[in-house]
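Here's a structure for you.
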Amino acid sequence: MAAKKILNVGLVGYGFMGRAHSNAFHKVSHFFPGDHTLALQAICGRDRAKAEAFAAQWGYRGIETDWRKLVERGDIDVIDIASPNDTHEEIALAAAAAGKMVLCEKPLGRNPGESQRMADAVEKAGVANMVWYNYRRIPAVMLAKQVADEGKLGRVFHYRAKFLQDWTISPDLPQGGAGLWRLDASVAGSGVTGDLLAHCIDTAMWLNGPIAEVCAMTETFVKERKHTLTGEVAPVGIDDASAFLARFTNGSLATFEATRYARGHKALYTLEMNGEHGSVFWDLHDLHRLQYFDHRDEGRVRGWRSIHVTDGDQPYMKNWWVPGLQIGYEHSFVHQVADFLAGLSSGQPAEPTFRAGLATDYVCDAVLRSARSRSWEAVPG
Amino acid sequence: MAAKKILNVGLVGYGFMGRAHSNAFHKVSHFFPGDHTLALQAICGRDRAKAEAFAAQWGYRGIETDWRKLVERGDIDVIDIASPNDTHEEIALAAAAAGKMVLCEKPLGRNPGESQRMADAVEKAGVANMVWYNYRRIPAVMLAKQVADEGKLGRVFHYRAKFLQDWTISPDLPQGGAGLWRLDASVAGSGVTGDLLAHCIDTAMWLNGPIAEVCAMTETFVKERKHTLTGEVAPVGIDDASAFLARFTNGSLATFEATRYARGHKALYTLEMNGEHGSVFWDLHDLHRLQYFDHRDEGRVRGWRSIHVTDGDQPYMKNWWVPGLQIGYEHSFVHQVADFLAGLSSGQPAEPTFRAGLATDYVCDAVLRSARSRSWEAVPG
Amino acid sequence: MAAKKILNVGLVGYGFMGRAHSNAFHKVSHFFPGDHTLALQAICGRDRAKAEAFAAQWGYRGIETDWRKLVERGDIDVIDIASPNDTHEEIALAAAAAGKMVLCEKPLGRNPGESQRMADAVEKAGVANMVWYNYRRIPAVMLAKQVADEGKLGRVFHYRAKFLQDWTISPDLPQGGAGLWRLDASVAGSGVTGDLLAHCIDTAMWLNGPIAEVCAMTETFVKERKHTLTGEVAPVGIDDASAFLARFTNGSLATFEATRYARGHKALYTLEMNGEHGSVFWDLHDLHRLQYFDHRDEGRVRGWRSIHVTDGDQPYMKNWWVPGLQIGYEHSFVHQVADFLAGLSSGQPAEPTFRAGLATDYVCDAVLRSARSRSWEAVPG
Amino acid sequence: MAAKKILNVGLVGYGFMGRAHSNAFHKVSHFFPGDHTLALQAICGRDRAKAEAFAAQWGYRGIETDWRKLVERGDIDVIDIASPNDTHEEIALAAAAAGKMVLCEKPLGRNPGESQRMADAVEKAGVANMVWYNYRRIPAVMLAKQVADEGKLGRVFHYRAKFLQDWTISPDLPQGGAGLWRLDASVAGSGVTGDLLAHCIDTAMWLNGPIAEVCAMTETFVKERKHTLTGEVAPVGIDDASAFLARFTNGSLATFEATRYARGHKALYTLEMNGEHGSVFWDLHDLHRLQYFDHRDEGRVRGWRSIHVTDGDQPYMKNWWVPGLQIGYEHSFVHQVADFLAGLSSGQPAEPTFRAGLATDYVCDAVLRSARSRSWEAVPG
């Protein structure tokens, strides 16, 4: 057995995504052993005590409280950016300049300008890079990709995606601060468009090709919220809800919608494609199933197949348990790391790279522009 | 267009089943026109006012208050027995002796002795006869029959049926009287065994062949209930719940269960067959769907198909609406009448005849005997 | 028992809707007896043989082959228009002028001009009138209405409706002629907008109030089809798919979509409302269920309730069977007739009247205009 | 922060369960930090190369090829038995004698005699012990336990459990050897009774109390299979399918069934309890949901609640991700380890101990005896 190449990871951010990534870094070698192995070298966060506690719990060897120091360290191979959106560009540019591989939480930047500079920087530096659009790596979603790529759907007529949540309905919820920066436009860039629709758009373009034009509406239901940093009531700058019509370049039509005001839905990301010969449907609340309709089945016994994606011949699943035993949300991150490392070995970079992430940000930007202009907007590209 | 043969129907009983049958008698000519047409000639019930009201509402030309008079009338071709179980034998024997066709609600008799005499009588008289095991005629159930008969399941290993209700949980519910005679053993013969399991058994033997032996348990959860006829609290003689293991003659194993104490289930009749190549599942609460699994589908995209049985190439459905528009419970009775009339035209009697109904009653009786003997009981036949 | 008032019905059209209405006319007195009873007096269709066959099958006393004659007959109280859309206005205006009550299939006219004249005519004549937006009368949909009206949802944030079919995907399907006039724009007025979205819009405004503005896109996937009347290939003038964003006057946002190119969906009409306290979801493929989420349930055991709408305390259901036994599509028409007759008795006209139907047509028209103008369009009214 | 107590684990077995346990040992400190932390000290397996590869992949510090040596090592605190059933007793007795804590895969022994000696041994030695009945620790199942314990169900009438698989239908599948020892009666003790029904019984008694008596049937569908160790065709000694009726001591009735011949079901463990006031239903194929019916909900809007068990107030979930994001099968093992360690801290041993595991084995044994005797068998205890 050849020695594995060890990659030292420096993580920025100890929030929800910091945990999700750290878990993936640990599990990847247990379930997807390959040429590389990851070492959790350092975690960086502004609060030293929190960073130390995180390091202790997750097995990081050390901490930093200034990301600039982390980026400068010679013992770090990979910088993983899991901090709020307003920090992405600066860290990514510095990491690329320092020759580090860069992983970045989605969306890349708060706007296409930031994202463009990030994509340019990693390409100029020639460093491996990837955006954490993890939902591509849910086995059922990857199976949908296979179904589409194999032509099982035929010509596509319709694409449909929603991402529905209900956690910000209360007007008493403040904006800003830990866990709540997603409600602060200056930090997040936008509301559900960048947070939720970005996921829907990334998957959609991966499955169905580029989006040509969009027409959108957005709404902010709660106009003012107390800001946790200032203690003052301040206008809410984000979109609480965002919906848009779209046309793909392949001629198919689409509807997209995201909101944090859909009571009863915690994180219901659904997607559906309707083609000439068949259709697929998936939803995040039952993420281990793919619904598939094949019109070429015998007519009398034709129906939507509820595929329990837990068999060894289905994407990623031979590395987990036995048929019938489902995996969950966190595994999508493990798969993404595994694919990233496999890409390093093969020389075929894992998608989505920063360049692909930029494409999604262009669509998000067109959506926000369209909501303001009340007209159709073409997507650059 | 040749003139249709008119059959005059005399209905006994104006309860729930009297309504279900009357509705079917009306609708059959609208949706399944054939050589015969039914005329609603008379309704018979002991309460004259109720009989008259029923006749007015349902379009019967006349009434009787004594079923003997109905049976003797020369203008009646078909006697339809929809009265409580303790009246079935006497009416059926008289109707057969009078040369009438006889339709009878299930179960035939309160015990195999009664049922045997009924089957013998109609056969001796040579009159058309049928038992109202209507669930065979749900399109999704008929589709399951086609799937099984075509060999799509292969060798059958397992059969599973349940009929769960929750309407008698309250100990304040009385026994006896209109609508409640099903709780009075002297009228009903048994509890859920004859009321609910009889349905399960009829469908099971139709789909999967004879049952060889059974081993059962029964329970009466509420031991005493007020009797509406006497006003006195009296012991409850029926089985509130009944479950049994069974072996079919084809070697497959089965579990059956019925109860009126399953909170949350109003009338949940479910059935499932597992064969070498495939499986089917159906439930009455979503009666317009058949779940079908075909192991010979391509492995990666194999899953239970939820078949929305509403297309023109599916059983009975070309006579109803357009694809996607579901029918309901009552339509099973329409189909049964249609099949009965088609049987008259073709000379191939519609099933289940009284003889087939007797076979079900033998299984019910073996179930009740087994519950008492606490041992396996062979099913006669 | 007071004598019932008999209303003689004259039906125009012997297609799918002619059957659905006739069935309802028969069943209403069996299941919803009231002050009125309907007599099926005459069926009118251009083809004499077909009209006679329809009359024989459905029990109409006579036929007409010219609707003008039907309208002029003194023995007709109610004209029911179930013929293609291009005939609605003319028949309705004549019927109103003749003092008949008028029932009309949806949509009222092919455009708001026609619909406006129809609404004006029946109001001027002072005759009872109703549009067959039957989906309001599905018990589960009516239950959703009760839930909303009782304030169980609180402030509404989102409304969402789709009507997905897949029956016109084949380019070999011709346009025009019996059953296919829905593909001929000159007859139908529009494609899925008037055929399918009209249903979605009617229910939506009934549940959630007026729609203020819309922004739409439409598409015709198959540009040319053979026309059955000429035998020539002709451009297709209808919209095969139509989707729109909307804002209700109550501030809630909506997405609507209809298509006949969604493989696997036969007639999947779905609707969802998300409010501050709760949500409801319904779909036509399982029409006997309402999904309901109540945020005020205890947190740990909170979940979407799958309500099997078959109990006596739920809308319309005490008149049908027993709990757990589902009804189907056709029953919505029975309910609508029952409500129409009840409205005659109470003096409170059943909805939707022609005036309400016109409101829906204004929205449909705004949708079609928006698709052409590629901009938001205000809804008149 | 006080120093954590480190417990060194020695694992026996590198099969499916060895992986499941190892993953849990790693994750527990990341997600459920407590007073103890586990060190993966040694893995023991007969094949040195495989043991070394397993150690490398899973981060064990060393290996052993003889479990006796492992048990004797002074640097081991916990022996975890994940090897085939025929090794459980011998290892457990030695480990207890050596004063080690003992974790053991289910079922404890191949028969109650072995299990009894194991329970006696750990109790005599006074060492912490636990059986891996992991399904208790699925959050949805734990929520069902809370619902039952809080009296939300009221008096229980019915319990129902099934465990359906389809992986041994092919007669070409051999018995014996790695992964296939479950088909060899001498190694496994029994077939689906000990493998699958044991899980159902453990959960059932935990939720609903002791089982008093059972009546069972078993079947071996494929009578002979090639044995991988000898290369010879040999009789199959295990039960391929096993079903039984049962009565709990609380008076409720039950049906249980397990099989490996139910086409379409990979690992469908389902359970249901019906009580006076409510019911719960759960299935392993959608393990993150609990179905719950509360009869005390308002009648009109009452329905089965599909509870997506992913909120912070639901069992174990505050330690994972955010609401709506599901976990999977493997997490039940993490929870079990976490509870075991918490039990060490609190002095309240985590269930099920060996003593509780023995109770399940008594029921399994009564099931197998009943299948042979064709009569009801009382459960000792």
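In this document, chain identifiers A, B, C and D correspond to the written order of the chains, with residue numbering beginning at 1 in each.
Assume a contact is a pair of C-beta atoms (placed from the backbone, for glycine too) under 8 Å apart; a residue touches a chain by one contact, two chains touch by 3 or more.
Computed from a predicted model, the values in this text were never measured in an experiment.
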{"item": "Pair joined by more contacting C-beta pairs (A-D or C-D)", "value": "A-D"}
{"item": "Furthest chain, CA centroid comparison against chain C", "value": "D"}
{"item": "Chain centre separation (chain A, chain C; CA means) in Å", "value": "42"}
{"item": "Where chain A and chain D are represented by their mean Cα positions, the distance between them in whole Å", "value": "35"}
{"item": "Chain C and chain D: spacing of chain centres that average the CA atoms, whole Å", "value": "55"}
{"item": "Multi-chain contact residues (two or more partners), chain D", "value": "265, 289, 304, 308, 311"}
{"item": "Chain C-touching residues of chain A, taken from the complex the two chains share", "value": "153, 157-158, 160, 164, 166, 169, 215-217, 219, 221, 241, 243-245, 247, 253, 255, 257, 259, 261-265, 274-279, 293, 295, 304, 374-376"}
{"item": "Complex contact set, residues of chain A against chain D", "value": "1, 16, 20, 22-23, 26-27, 29-30, 33, 56-59, 165, 167, 265-268, 284-288, 308, 310-311, 320-331"}
{"item": "Touching residues (chain side chain C, partner chain D) in the complex", "value": "143, 146-147, 152, 289-290, 292, 294, 297, 299-308, 311, 313-314"}
